[in-house]
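Take a look at the structures listed below.
Both complexes below contain chain A, partnered by chain B and then by chain C.
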Partner chain A sequence: MAGRLSRWLVFAGVAAIPLLLVVAPIGTFLAISMFRAEKHIMNYTPTVANYAEFFGNWTYFGTYLGTILLCFQVMALSILIGYPMAWFIWRQKGSRRYYLLLLAVVPLFMSYIVKLYTLRSMLGLNGLISQMLIGIGILEKPSQIFLFNQRAVLITMAVIYMPFVILPIFLALERIPRSLLQASFDLGASGWDTFRRIVLPLSLPGTIAGALFTFVLALGDFITPQMVGGTTGFTIGRVIYSQFGLAYNWPFGAAMAAVLFLTALAGIVLAGIAMSRQKI
Partner chain B sequence: MRSTGERIAEFAAGTLTAIVFIILYAPLIIGVLFSVVQIRQGRILWETFSVSPYVTLWSNQSVLSALSNTAIVALASVVIASVLAILLALYTEWEGAIGRRFIELVIYLPFLLPPIVTGLSLLVSSAQLGINRGLLTIVVGHTVFVLAVAYRLVLTRLQALPKSLVEASFDLGAGRWQTLRYVLMPHLASAVMTGAVLALTLSFDETLISTFVAGDQMTLPLRLWAMMRVGFTPEINALVTLVLLVSIAFALIAAWRLRPKGEVEED
Partner chain C sequence: MALELNEVSKRYGATTVLQPLSLEVANGEFLTLLGPSGSGKTTVLRLIGGFTAPSGGRIIFDGDDITAMPANRRPFNTVFQDYALFPHMTVAQNAGYGPLVQRRNGPEARKLVDETLEIVGLSALRDRYPSQLSGGQKQRVALARAIVCEPKLILLDEPLAALDASLRRQMQVFLKQIQRRIETTFVFVTHDQDEAITMSDRIVVMSQGRIEQVGTPKDLYYRPQTRFVAGFFGDNNLIEGVVAASGDRVETRLGNFPLAAPAAGGCKVLMGVRPEAMRIGEGAIAIPADVEEVMFGGAMTRVLLHAVAAPATKFDVRLAGDGRGQALAAGDRVCVSFDPADAVIVAD
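== the complex of A and B ==
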């Protein structure tokens, strides 16, 4: 076994690159959040003024809380649609199950920008949704209600992040031993009872983990709200991005991003705990 | 032996799945269709069928330069990430490793965190260091983003290798380097390749981190975004189609390499 000093030396050598490329940049932006930009000139006296401004100004803090609420809605909608889909795919047999799963996962790799534009045109004035609702008589004329508001952001995010929910739920379902389902059936339980008392509880940790990943993804997204959100679909990601663009106040943007960072970290840690609770 | 209730549930879930699949694949369907025909008032004008948008794309200088940027960034970041992944996986599997959990956390962080955090932290730190934004910063952004995937695949393979393999190599008088080169690498090669394909797919589409660190350089997704803001032409739809087909092809190659092998049919 190598000596203590040489082990530390190897650690330093191996860890140098990830430290330099990941930890140092995160440290830098956290440090920047403690400074002030005064008329585009940096004042390097440490202060919590940026954080005070964020928490004290409802325009920003309210947007943050609104974003959290939106992310919970995205999470709920994704599970509501994604769980039955994962369950359906899981119920299939043999290669059909594999191909359906593949169909569900491939959209993950399709261009994000292209997906956004397609959804935008589908939700728009003469889009598919409007036309369909006119077709079945719910709407009388083309409507703009599905675009440029919070609802549009919610629907778009739920669709884009759907594969991220389906995959973990499917993986959780797949780990349930067939013998458990067989035993439940042999003991006379109905399909519903088996689902409620065996399938659902055993797939819950994977479902929660998938939901939390969706939450984290939705939390930091700034392009979706910009493209389909219009003036009312403001999210914290969009506000942060504007501080690095037009508004040009990096320290303030960094302070808001630090809050976002901690929120995301909480989501990731909770997802990790959920996954470690997986009993099978 | 399925009850009526189960059949109804399965039918409903199946219908839902079909509808969501149509929505998820709409970009591809619309892209393909609109790139070759024109559509007026909801009707497809088949007589306008033409593949010329695909041809004019090859003379569009801005698209070609974005394509070459994307290729450079993807290749550079995938190669760097693969080498780092091997190095880091060998380290975390070494019994003398210290700070194993910490290193893993640092590797996974950029993949798990919202890309906005990775993007702006690289932007802020490169500005502090006086590094101009450009291809180099995009490569760094993509490398830290795809590293998690490459690392995970190499590590899984490494953990599956029997310890006796390395011990036998040492017993037969091979040195550390020879063991790595002739014993470990041949076993790791396919995992590294699968990781590289996945990483390539991710880098090809990466938009959120690139937005922050690209400066005045354009990658394909950024160029596409800029083009779409102006309006839709058959040429843009042709580009959309090609981009989607390339990423789907990459994804299918990765899926094929990761497919479950030797599965026993149940029931």
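== the complex of A and C ==
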């Protein structure tokens, strides 16, 4: 009896911090989303009107769908660029691979805002990208097409979240025993066969983790669209932000945030299922 | 000769791991590379398999120089020490990997995989994943995967090292049976002398990147030619000495012992006597010794002693059963004796 009680006490002690810091805020959010703000005065009668408004109004729902599409694009772009980079780093020998890996994750130690401003200047009218394309002869004069639109948001997010893709993929690759590659080679496989049949399937869990990181981070990001998105790079994160700030409609913002939260949760669950199907 | 290593050497920077070495492997033989860790035996295997390039020398197979041929084009397959099974593939998929990547699909390939799984006794487990198998079963999968492509040579890198003793003896017999059945050359690497003796047609003893001696198990056991082989094989008891001018005696710190066969006078030699050829008690040659330890081992009793005249000279004597009724205890002063005909003389 005393044993059970003390076990419960230990459990309660351990659970208190996540309860306080994770479950309580989210619960509050869900609760607020059921209320109504009428002319800046809260109406505490529970209702689903906020959700109805969100799903019924294409301005909001369309933005939400567009954001999800954007997140998938960011995810795909990050993986397409990050996987080869992780693979390249993994193929290096000796200390060089760790220097390169360090170089790849150094941006994680830099301020988010600094990175955004850097990218903004690179993508801008007289930025590096424009100048480079003029140099090669693809562009005739400096172009605005890389900044203040959806494309700019996509490029910026993909670049900023790249370390979150490279790191888990590299770790997954590094966990593959060298002898497996030798065995594959020994049995007559070409380099491509070994990659396709051994390396790729065995690095899939890391790739899924990287994809999940970018998806969830991109979903909640409202600063990047604000900084480089201009008028067309509008995402649901920005909408929610404006509901809490400009519009001062917390219940509606909370409802949208709840939907976004469930979307991220769905992504995590799907990734979890995909990973548990791996036979490793 | 099926495979020939011609003055093959290997260096990593300034360290030489393999001195120039020549070796011939006959078709269908079970050849073992035996040596302690760091002796270069695994390097030899990796050179044959094509996983590392030699720093010098040539590797010739069936008359063709294959020194520069990459591993995936050599008609050899390897059983790796850690098995190196593909964790995301079933037993059948692992076994079928070779035919798959060699683009040999179709019914014959499938039949080949089925037959191979039958040979190694894994048909019932074909849909299991490696994580669901025991060590011995994994070993069989690794073997199946290597033999399914019908290679000319199978390289085995300490394949039994991870198994427990009884399973290990089972697998020794099993490997030997498989080798006889598929009539393929096996090159086997081990550091275990018992394993080498029981399985091999020929043994190559290696030490410090050099070949010490090549021969049949009996050759090596009864006629070691170097100090290292004499010490490594059969735990020979070694007594240092010099052959007397007359050539019929060895003069040692423990006394003068007659030689069974005459030798050149003045040579520094080692006299080696196998533990089971030594007795405790009076004999033709008797050396006073103190018992250090008596260890009962079932079929054998092992007695460790040192000479009274030279305590640094240790003796390892094995007596059948519980020691033929001799009640020995640590601290007893006895005589160890042996027949000169049982002693091997190794140049030192």
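Operating definition for what follows: the second predicted complex is superposed on the first by the 265 of 280 C-alpha atoms of A that agree within 3 Å, B and C clash if a C-alpha of one lies under 4 Å from a C-alpha of the other, contacts with A are read in each partner's own complex, and residues count from 1 in each chain.
Heads up, the rule we're going with is that a contact is a pair of C-beta atoms (placed from the backbone, for glycine too) under 8 Å apart; a residue touches a chain by one contact, two chains touch by 3 or more.
No experiment lies behind these values; they were computed from the predicted model shown.
*Asks:* Which chain, chain B or chain C, is in touch with more residues of chain A?
*Replies:* Of chain B and chain C, the partner in contact with more residues of chain A is B.
*Asks:* Figure out whether A:L147 sits in contact with chain B (first) or chain C (second), or with both, or with neither.
*Replies:* neither
*Asks:* Taking the superposition as given, does A:A189 touch the first partner, chain B, the second, chain C, both, or neither?
*Replies:* second
*Asks:* Thinking of the overlay built on chain A, is A:V159 touched by chain B (first), by chain C (second), by both, or by neither?
*Replies:* Only chain B; A:V159 stays clear of chain C.
*Asks:* Touching A:I89, do we find chain B (first), chain C (second), both, or neither?
*Replies:* first
*Asks:* Please work out whether A:I17 is in contact with chain B alone, chain C alone, both, or neither, and reply first, second, both or neither.
*Replies:* In the superposition, A:I17 contacts chain B only.
*Asks:* If we overlay the two complexes on their shared chain A, which of chain B and chain C does A:V259 touch? Say first, second, both or neither.
*Replies:* The answer is neither, since A:V259 touches no partner chain.
*Asks:* Just checking: does A:L180 make contact with chain B only, chain C only, both, or neither of them? Give me first, second, both or neither.
*Replies:* In the superposed model, A:L180 contacts chain C only, not chain B.
*Asks:* Hey, what residues of chain A end up touching chain B and chain C alike?
*Replies:* Correct list for chain A: 190.
*Asks:* Chain B touches which residues of chain A in the complex?
*Replies:* For chain A paired with chain B, touching residues are 1-2, 7-8, 10-11, 14-15, 17-19, 21-26, 28-29, 32, 81, 84-85, 87-89, 91, 93-94, 98, 100, 102-115, 117-119, 121-122, 126, 128, 131, 159, 162-163, 178, 190-192, 213, 216-217, 219-223, 237, 240-241, 244, 250, 253-254, 257, 260-261, 264-265, 268.
*Asks:* Tell me, which parts of chain B touch chain A in their complex?
*Replies:* For this pair, the touching residues of chain B are 2-3, 5-6, 9-10, 12-14, 16-17, 20-21, 23-28, 30-31, 42, 84, 87-88, 91, 95-99, 102-103, 106-107, 109-110, 112-118, 120-125, 128, 140, 143-144, 147, 201-202, 205, 207-208, 211-212, 221, 224-225, 228, 240, 243-244, 247-248, 250-252, 255, 259-260, 265-267.
*Asks:* Within their complex, state which residues of chain C touch chain A.
*Replies:* Result: residues 49, 51, 70-73, 76-78, 80-82, 84, 86-88, 97-98, 100-102, 129, 131, 145-146, 149 of chain C touch chain A.
*Asks:* If we count contacts the way the header does, which residues on chain A are in touch with chain C in the complex?
*Replies:* By the definition above, chain A touches chain C via 177, 179-180, 182-190, 193, 197-198, 201-202, 278-280.
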